[in-house]
Amino acid sequence: MRLLLINPNISTSVSELIRAEAERSAAPGTTVQVLTAPFGVAYIETRFEALIGAYATAQLAAEHHEAADAVVVAAFGDPGLAGLREALPIPVTGLTEAALASACLLGQRFSIIAISQRIRAWYRETVQHIGLESRLASIRGLDEPLADIGHVQSNQGERLVALAERCVAEDGADVIVLAGAPLAGLARSLRGRLPVPVVDGVSSAVRHAESLVALQPGSARLGSFAPPPIKPNQGLSPALVRLLARGPIT
Amino acid sequence: MRLLLINPNISTSVSELIRAEAERSAAPGTTVQVLTAPFGVAYIETRFEALIGAYATAQLAAEHHEAADAVVVAAFGDPGLAGLREALPIPVTGLTEAALASACLLGQRFSIIAISQRIRAWYRETVQHIGLESRLASIRGLDEPLADIGHVQSNQGERLVALAERCVAEDGADVIVLAGAPLAGLARSLRGRLPVPVVDGVSSAVRHAESLVALQPGSARLGSFAPPPIKPNQGLSPALVRLLARGPIT
Amino acid sequence: MRLLLINPNISTSVSELIRAEAERSAAPGTTVQVLTAPFGVAYIETRFEALIGAYATAQLAAEHHEAADAVVVAAFGDPGLAGLREALPIPVTGLTEAALASACLLGQRFSIIAISQRIRAWYRETVQHIGLESRLASIRGLDEPLADIGHVQSNQGERLVALAERCVAEDGADVIVLAGAPLAGLARSLRGRLPVPVVDGVSSAVRHAESLVALQPGSARLGSFAPPPIKPNQGLSPALVRLLARGPIT
Amino acid sequence: MRLLLINPNISTSVSELIRAEAERSAAPGTTVQVLTAPFGVAYIETRFEALIGAYATAQLAAEHHEAADAVVVAAFGDPGLAGLREALPIPVTGLTEAALASACLLGQRFSIIAISQRIRAWYRETVQHIGLESRLASIRGLDEPLADIGHVQSNQGERLVALAERCVAEDGADVIVLAGAPLAGLARSLRGRLPVPVVDGVSSAVRHAESLVALQPGSARLGSFAPPPIKPNQGLSPALVRLLARGPIT
Amino acid sequence: MRLLLINPNISTSVSELIRAEAERSAAPGTTVQVLTAPFGVAYIETRFEALIGAYATAQLAAEHHEAADAVVVAAFGDPGLAGLREALPIPVTGLTEAALASACLLGQRFSIIAISQRIRAWYRETVQHIGLESRLASIRGLDEPLADIGHVQSNQGERLVALAERCVAEDGADVIVLAGAPLAGLARSLRGRLPVPVVDGVSSAVRHAESLVALQPGSARLGSFAPPPIKPNQGLSPALVRLLARGPIT
Amino acid sequence: MRLLLINPNISTSVSELIRAEAERSAAPGTTVQVLTAPFGVAYIETRFEALIGAYATAQLAAEHHEAADAVVVAAFGDPGLAGLREALPIPVTGLTEAALASACLLGQRFSIIAISQRIRAWYRETVQHIGLESRLASIRGLDEPLADIGHVQSNQGERLVALAERCVAEDGADVIVLAGAPLAGLARSLRGRLPVPVVDGVSSAVRHAESLVALQPGSARLGSFAPPPIKPNQGLSPALVRLLARGPIT
């Protein structure tokens, strides 16, 4: 099985964290390809940055999905995920969606630990879009500027643990979600240090993408995830044009 | 006052409908500029098309907002609206958001009439994001393929009226929202034919944009609509780079 | 355009604040009339006081609406608003509804700053009735008894600013709503002092009332905002009797 | 125990239905007094009529509560109930609130059968204010004009049964609420004819009012149901003035 | 009238508290029988313990309901309540459901005071199942291990009062619910000490059970509370088998 | 990896369907054990039957979990799932929870197809408990009595397909969930016949259980899924007593 993970940001150091955790998590026989957005910002904290990342992800997915069995949008907030689910003929998931699916199988209420204060509003809206706000205990974020997005884990590890403990003690969390691709793999290294189960986006997305391929649920010919109706377009990359030309499945 | 309306789609015929209704609606002294997306699709019905339209809108807004007092995202579903509200130093609104604001001042529950069946899921999610699902009576859509997006009104006028009447009689609507830029101006020509107040996105957006400018509520230096934090970026248009370089307001 | 603003309370000093801010906010050509309830209490903090204010407002509206193009219920909590929207043949809005409509066009989540602790429950229920509780970040109130309802702003200005700052820092507010007619105009004088956009009820209501008149959305002949069905009544003022005699629009 | 039931409408024929069912339902030793609004309309279907009925109820309650152990607002929609709960020193309930409390003890989802189409919007908002919309299966109403509000039951009995059967079969109702004082006592005469438990507002309110008196839960000295703070008032009836002079309990 | 109260736990000391409060609360002519679970745990704090208590309650109810007019599940969290409401031919209620019904007749928002921290998650889910989370102000619990479940009241009385005061001052509670059969009767002895009305589960359940019997709402022949369809079973107690053999009512 | 699937019902024919689909779905190296409840009913349609099935499941899980890496509650409605998640030291999931997790990765809104009308209320409450009611498009059920619970698929296959098509066309479903262990494997045989992706509970639960084991998220030492506190118990099976003796993890 071939999984394509797309980092919607330009940080190749984060892409390496993603790749490492994806490879550790993948089942035997699964191969992992990680692509980095050719345009955009270093990491997404805001709705505007997500909008840019979504388009970059769409471009890469259009170009490269044919060599994959499933696609993972490898940033929290899942920029572009719902759109790609319509357009691509293969399963797609994203880090937030996948992490929340895991969290909901482990407890009733989860908290999200994030890499900045600013990013919390964007995560909160992502959880609402997914429809799981009744299971969200809290979102807590680091409150210092990040010196280096590729090394958040080593610099901020103890602070992240302390945040998680407060989520359990004060907010009623049954599960902790470590959010953001820059934290990929941290759950693994914190194993046993937190008082509740801890979930990582990349490993969850890899496992769930593998499951979606294995379950073979079939494609959407109707409903709101069928391919977009064919209509005039202009100014798009050849790959996007090809994708839009799929049209209704018959 | 100068309003910039951006059509996130490539249809110049729809841009003309938008311009005409915007000019009819604007207060004396307001000038209206309408731009058409240089890339994208003919009209947005799906999440994937909205993702493309959002990026096109962001590009145009980055390039042209400096000559405007407020920006209107001139498609239903408001692609890119929340992101632009963070990034731009001036007020921004969108057709759905503005139409719903009007509808909520006219009755308790509203129905949305749309130009296709497919588009209903995307509108429904837009209403949920706005947080007004408890006031949504129904979304009904035309069920035939559109022959010509620039002439929906003349071709389908009677069908749209019949749909509106069912929204009132069967779904409990107090207000009708005619959704989609291709219907811009239809509310005006249906005046008196519907049994409840009817709201149009373009005229609502023009009026509310004018109000936001007049009220001078101030800018966001903090909170989730402050400008995105400055961080590395690459591969973006010069205008987007300039916009991202605004950084925190001090 | 002639706007009728009704202060549902007996405080003429508050009516003067309302008038001053309404006149500052109105478009050229709009004239403003402010009426003060002939019976009731000094200011509404509770459901019981709102019930009284609603009836006083209905009486005044019945008597005076014929000389107006739109009516504003000029107290937070909007006492009687929904009823008047059924009964009157012209647009009606209220300070809370209008302020929330503005706030929703400026950010995702808003906080309300109120003039007392007690009033918070009544505001909370008003926001729930409007259906926007998912966008409410918090309601914070002054915690000292008001010495003089007509001079809250000068006495308590700094405390109100401090409350607003906590709403942004601790509650996640993107927008601040300064609630209550006794604060009319304060947003204007605080311009630039708060870190997020700030909304005032009176100016929002004036602008939105003007928009409703300009948009000419039409009247409700059916639905739950059509005029109440004609039926026997007794003991009401002549103006209320006339209003109830409107009956279904044909 | 003395119960005071206030009909917020002017229909003495409905007051007689209320009295008859209240007397049939009351425990031994409970006496029932029924008052009819001296001003208002024949029956409440709309928000505007409810606003009038609320004020009439407040006037009567202020004047007569001292001779009672508990008060019942004897119309569906419970006009004025929350205000009176603040102002009166004794328990208060209303027909909708009490019927819903009974319904929730008998099944998970209830449907409401109402005397007209128009009244459904007002009932729906009442259920939302009570917070039980997730348990509301449907609201169905008679669709013909009422010839005589005091004789709905005999004229429309079969139609009401047919509506109830549809609520069970099509809407998933576990319990039927027969709504509106004009239907007082109908549940009793339909006993055994409906396939699910059926609840009546008057008998529920009488039983629950008796329970509130018996349970002696204590009064609110703090919180949002403490008596309204003392402040200037004018133009009110002597009884309302006395009630507003209660002030905080110490 | 004969009420059967079933303690789903094995603590006979708690059964005595239940019996004492039930007898104090019952109307003249009501007799009270209290049964104690023959298997299970000392008191329910978790979902797993509730699962055990539900089955023990079902066993006792199946065996003993024929001598009763109504059944009360006498533990907070109401283990087994909804199932028994389907299976038994007589009214059933539970301590949480009944206490919340009382609380909702006394104020808009209630807080729950519980005997431990752990139990809060289970109570929260119970309130959500009942559909009243919008009226829940908070759940606060004692934070020390219980020395003796039969003497919580005397050991912890002052702490419980302090918790209640914080619910009013900090959480906005209008009503306090003292939760858990081990607190049965405490509301009565705290009368006058709390600043808002206080509700007890046992007395509420006794009163509401009496009301359900008196109102004679009828049985469910259809809907989701009709008796379970007849089908093969095995390994159940003779009483459960008899209960399952009731089948559809015709 | 060893998975233990527990059929909470007494139908060994259904256990065989479960086993067959579990074995088809399991990854290489996973072994599957299926146990059948020694007491209970043929299949669960009601809350009362679920209560019995939950206890039977708890008994079997207590006795047999030590030989497994994860447990699956193999009935829709997931009887006992949340309790077992507290009590067992290994991951646990259930058919509904797992199917909904899959469905949410495939589309925005899902419909559930069930084996009877009656079962719909129980499923609806299960979805609400999971917190996903905003993503539930509809629940539709077969409306004829089941002749043979082990052969629903062959007898009713066409009817189930027709129901699914109506869910897509009329209810807006993006995904179909075929609910109930008696339908285990049907999704596989319908592959390609439905216009949207289709999800099966057994295969989803097997995949997600495998993922939970592989992800090694850690155990709950705190929070509401930590093992129940140790306290007196009596009358329980030795295996349940052993399970309750686990106590807090240190």
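The first chain written gets the first letter, and so on, giving A, B, C, D, E and F; residue counts start at 1 in each chain.
The definition used in the following text is that contacts are C-beta pairs under 8 Å (C-beta built on N, C-alpha and C of every residue); 3 or more make two chains touch, one makes a residue touch a chain.
These numbers come from a predicted model, not from an experiment.
Participant: Touching both subunit B and subunit D, which chains are there?
Facilitator: C, F
Participant: Would you mind naming the chains that touch subunit C and likewise touch subunit F?
Facilitator: A chain counts here if it touches both subunit C and subunit F, which gives A, B, D, E.
Participant: Report same or different for the subunit A and subunit B interface, where same means the shared residue numbers exceed half of all residue numbers found there.
Facilitator: Same residues, largely: of all residue numbers at this interface, over half are found in both copies.
Participant: Taking mean CA positions as centres, which chain lies farthest from subunit B?
Facilitator: The chain lying farthest from subunit B is E.
Participant: For subunit A, which other chain has the most distant CA centre?
Facilitator: In terms of C-alpha centroids, the chain at the greatest distance from subunit A is D.
Participant: Could you work out how far the Cα centre of subunit A sits from that of subunit D, in whole Å?
Facilitator: 51
Participant: Could you work out how far the Cα centre of subunit A sits from that of subunit F, in whole Å?
Facilitator: 27
Participant: Nearest whole angstrom, what separates the Cα centre of subunit A from the Cα centre of subunit C?
Facilitator: 43
Participant: So which bits of subunit D are touching at least two other chains?
Facilitator: Answer for subunit D, listing residues that touch two or more other chains: 82, 85, 108-109, 120-121, 125, 128, 134, 172, 174, 223-224.
Participant: Go ahead and list every pair of chains that touch.
Facilitator: All touching pairs, sorted by chain label, are A-B, A-C, A-E, A-F, B-C, B-D, B-F, C-D, C-E, D-E, D-F, E-F.
Participant: Within the complex, which stretch of subunit C touches subunit B?
Facilitator: 25, 27, 82, 85, 91, 93, 97-98, 101-102, 104-109, 130-132, 134-135, 168-169, 172-175, 187-188, 191-192, 194-200, 203-204, 207-208, 211-212, 214-225
Participant: Can you name the residues of subunit F that touch subunit B in the complex?
Facilitator: Spelled out, the residues of subunit F in touch with subunit B are 108-109, 134, 172, 174.
Participant: What residues on subunit D touch subunit B, complex-wise?
Facilitator: It is residues 120-121, 125, 128, 133 of subunit D that touch subunit B.
Participant: In the complex of these two chains, what residues of subunit F are touching subunit E?
Facilitator: 10, 37-43, 45-52, 54-55, 58, 80, 82-87, 116, 118, 120-122, 125, 128-129, 145, 223-224, 226, 228-229, 231-236, 240, 244
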